[in-house]
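Residue numbering begins at 1 within each chain, and the chains themselves are lettered A, B, C, D, E and F in the order written.
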């Protein structure tokens, strides 16, 4: 169990748009984390299993700045125990009025080998995070400390993030369009299908840029399209 | 421990507005469940300890209509185990596009002696619920079954409801203005203070309706106000 | 073709919540017109085939008050040609900042035998409309004339209303929870199923109000429930 | 200067919808206070000159509960100096997460002869306010004290309320649809025009309820309509 | 008829801000497509006549992935028939939760000589589209296929886009601020006026950057400003 | 009095995130201007005292394009009198549907030595403003002239901006995360504290990037951390 290395590698070569279509074909329409974007769009595709952190609204008396002195504070603990290769996904209730985390914690995640971090709220120190070599996705920058509005309450439970359901172990993929969540049980087959779809889409793109109409080509309702695609695969070794 | 009968009784005589002010004086500014209203405004004040249900976004493959055949389904289980005298508070992520529950479940809560039910989403069968003798608060009516968008996932964990933090055991009070959440540890003192405040506010209201200015009266910066209030208390036995 | 009289009659006896569940079982999750409510909740259930009016944003030079002198103005024309028994459904782009219609037009619809009127915007003269004997649903009252923001542009084309798809001829049902849209082709079977479901729900409600647990009862996983239900049907003649 | 008694009387007989159309004809499209509703829809039409109160976001250190001990606190002062016959209009930045005022202050306004009160936020003690004989309009009930989010900062300056511009002295009219703001300088002519329009609309309504088509009737493009209307005016003395 | 080549050329030299002011002077206040931005801000100004595509909310049974096999599917057909030099404007009901189109279709538009593409929803494959030499404007990236929420239903009808009215043939101009819609009938005069305004604004900018006050300069209430401007025009040949 | 040069210099070396935490420790949770971003993120940190401009909703008859011919028009006047070194902060009621200002006015502010400009609405000519050497923050670009929706009404009064309270003379600091507002009376102490915090955070970042755990380090609950930090300060001269 767990995310196979080859599945991870395959997913790194496909787009969230292609994955969305593959999931759509299986009746899954809600797996896109709405309204988050990469802080550094130049990084490679983010892939990893979801490790989650749940925030609830902060109550003032429970959230003095001193709470972080407790090494078991869920936000800090999550940063130290999120597995290497996983993606830390935070349920911030789509509220970016205070930060979900800042550059120090995300630097620590990067150093620990975590594959990425996602919040449906906002990060502080956004410019610094954008310079780190770890993919990070949020809604918009937010300077206030998380204590202002968010209390970290649960680690690695099922959550919502940007209106998408996220279960621990789901496979999370992020690129310039945002973040898709693949249910753990179908990650392998979705990866396979998406790699196939990507080959076809690359072929189609080449054809379109060469002047061909999408009629009969995309989708491949004209039998000639399939012939041409097979030839292209041979030629390109895909 | 737990909510004392006398505290419950006192809270039934005060308003959420008065409670909000008492909590504000202690630095608690986020205890109002935003944007919910009573389905039947004519019922008495709702008071009870919070028993919570957490929803996450629904994933289509996990939410066929058959899930309710499982007696352990968290929504159905919560309805059967929520203690009499408690208030069932649902975290529906402020999403009323599908229902949090309907009239049959709320009828069952009423029959079991539950003190009330709150969601930051919506209820279906709203007209029928409005005719039941159990206080219910929601954002707006919503016909679609909860499975459409909401998957019940956790019972009696800390949640957010209408942007307010709700911990199991917190004391929940609801009236025409909406719902306030009193941290469990200060419920007794808040109840006492609110009863005192209510006496003063009733006195002030009487004075104002008799034509007196609020200057010096509300707040009682004129010493005569305190004299008059004491006389009023004696006279009215409050 | 068209809505059968017996289907109409059956739909008048069921709730939008029950219809939503029946549609959900068929994979239709988007048929609830979000965020509209009845102006007069005391009227019977609204049932009729959709006849649509599409508004686009108003351009100032095209919408002087004089446009209504044109008898072919789509808003006025729609009011005069919407068939008796149909429901006039307006796509106001969920914008209630200006009215979709007012009491005079809705009075005319009522006199012409139209079964109801729905907008995902707002009506003006809301208090007067609430006194008419025609079901009307909107988001909230809105005094400004439709010309302020809405230009009627198309009659009886497929539209969106409150994020629901509405095709001319779809069967529209409205009650206290709001409005459901049943695809024309399945109206009969949905009506039949909903009548059956309603009988069962009425039985369940009776049982619950008599103190029975929902476990095994709702859904009927306990075989005794089915036995009891059959007995109840005989007894009640349903 | 000031609102003439006869203009006030005329405005009490017309609707905000009619006024909106009269203003629309003069190019004024933004005079409707968006998204407010009467707490007691059964009261007569509210009419009065605007007297304004401006709130800004509250800063915690400036808003302890003790600020109300200052008799010059703008919220309390506004309540004591708003002229009889005027309407107190509050700019709460469309934020109903905390109250703009409560029943005691609004009782005082009523006793002082103020004609009404409007906020684009919310009132606390909404159920009590709804029982007072002063028209009050808000977005929704809100229990938290105004200090939580609102600091009263300016009295009788030009403000925005529900996205409408409100200048001191503008004539404010409220009914079941909400609240319209008439620029002071055209209040008389708008009142006259609206009374005329109302007569015609009442005639039209009568005709429509008698079965007449709106074609040629509304607007009166058929010359016969004008003839009939004149006859109706004579008959009804309007 | 249609957009003149010289008008197109002129519009390529002006900004949407200048056009907005020219339209404002004619009483047109709603011609800005709200909340869209260019995917590639480095491209030249987009200019072309509007060719429209209308989406409605998707119904699940009508939108299996196989619908694209139909060459007449309106989305695919629009891409193949939108005239060279036109701008394809999509009414996606301001809903970016699913894509309006992706890189393959937009590549095809580019190859066909289409002048640009606008949606008030979102595009998928946003990073790839940003590298194409065709101006594209949207609200934000969105990975899910359009079928998830959008059904293409009408080609080249009047639509709303970002709350702006768009009629087929209107002249659409886009730059870093977003997209303006010029009614077809006044495109020539607006272009002329905007070119004149741009000359003056360029002169003003030069003056301001040289240290001159805006008083008397912008607008040119000081007669000397007009003298200086005329001299500048001669000098610069504009 | 006023902002000391050394406080200004110190504030230029710290981040809004650090300032937010320092303010949070003093109970100030609302000082972040929500949802604004820099047009040019590459500029240095913006620091200056707030000089404010308040907009109200525009009334059509008061806002013809000719109003700018009045040299006392508050928008134009504010641009000419805002002190050098100050930050012009505009209350645009969080409404970016029309512009708050454009490149000519902001060029003039730059030439006059103004330290920056902030609106909770949008600027027009955004691409040009982004090339100026003055920090500017807004919500999003917006082409329409301010007259379309905004009437400048007051100069240098207390305002709200992005839900934050802003008093004239407050110290405004802006960077990649957005804009913080420091109450004037505590600017010096906040600057001192933030410089200290920044030193520690820089040390922590270095340690984390060298592989150290945040446990005991951030916050410095491990005594060794304090020892190491002191050594680092000596070594780095901070």
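Methods note: contacts are C-beta pairs under 8 Å (C-beta built on N, C-alpha and C of every residue); 3 or more make two chains touch, one makes a residue touch a chain.
Keep in mind that this is a model prediction, so the values were computed, not measured.
Between chain E and chain F, two chains of identical sequence, the interface residue sets overlap only in part, with shared numbers making up under half of the total. Between A-E and A-B, more contacting C-beta pairs join the chains of A-E. Matching D-F against the pairs in B-D, C-E or E-F identifies C-E as its interface repeat (over half of contact pairs the same by residue number).
Separating the centre of chain B from that of chain F, both taken as means of CA atoms, is a distance of 39 Å. With centres taken as mean Cα positions, chain C sits 31 Å from chain B.
Residue positions of chain A touching 2 or more other chains, listed in rising order: 27, 29. Taken together, the touching pairs give a contact graph of some other shape, not a line, ring, star or complete one.
By the definition of touch given earlier, these chain pairs are in contact: A-B, A-E, A-F, B-C, B-D, C-D, C-E, D-F, E-F.
Chain E meets chain F in the complex at residues 15-17, 19-21, 24-25, 29, 32, 34-35, 37, 41, 175-178, 180, 201, 204-205, 208-209, 211, 213-216, 218-219, 221.
Put simply, chain D touches chain F in their complex at residues 26-31, 56-62, 93, 95, 151, 153-154, 157-160, 163-165, 183. Only residues 65, 68-69, 71, 76, 79-80, 96-97, 99, 102-105, 107-108, 111, 124-127, 140-145, 147-148 of chain D touch chain B when the two sit together in their complex.
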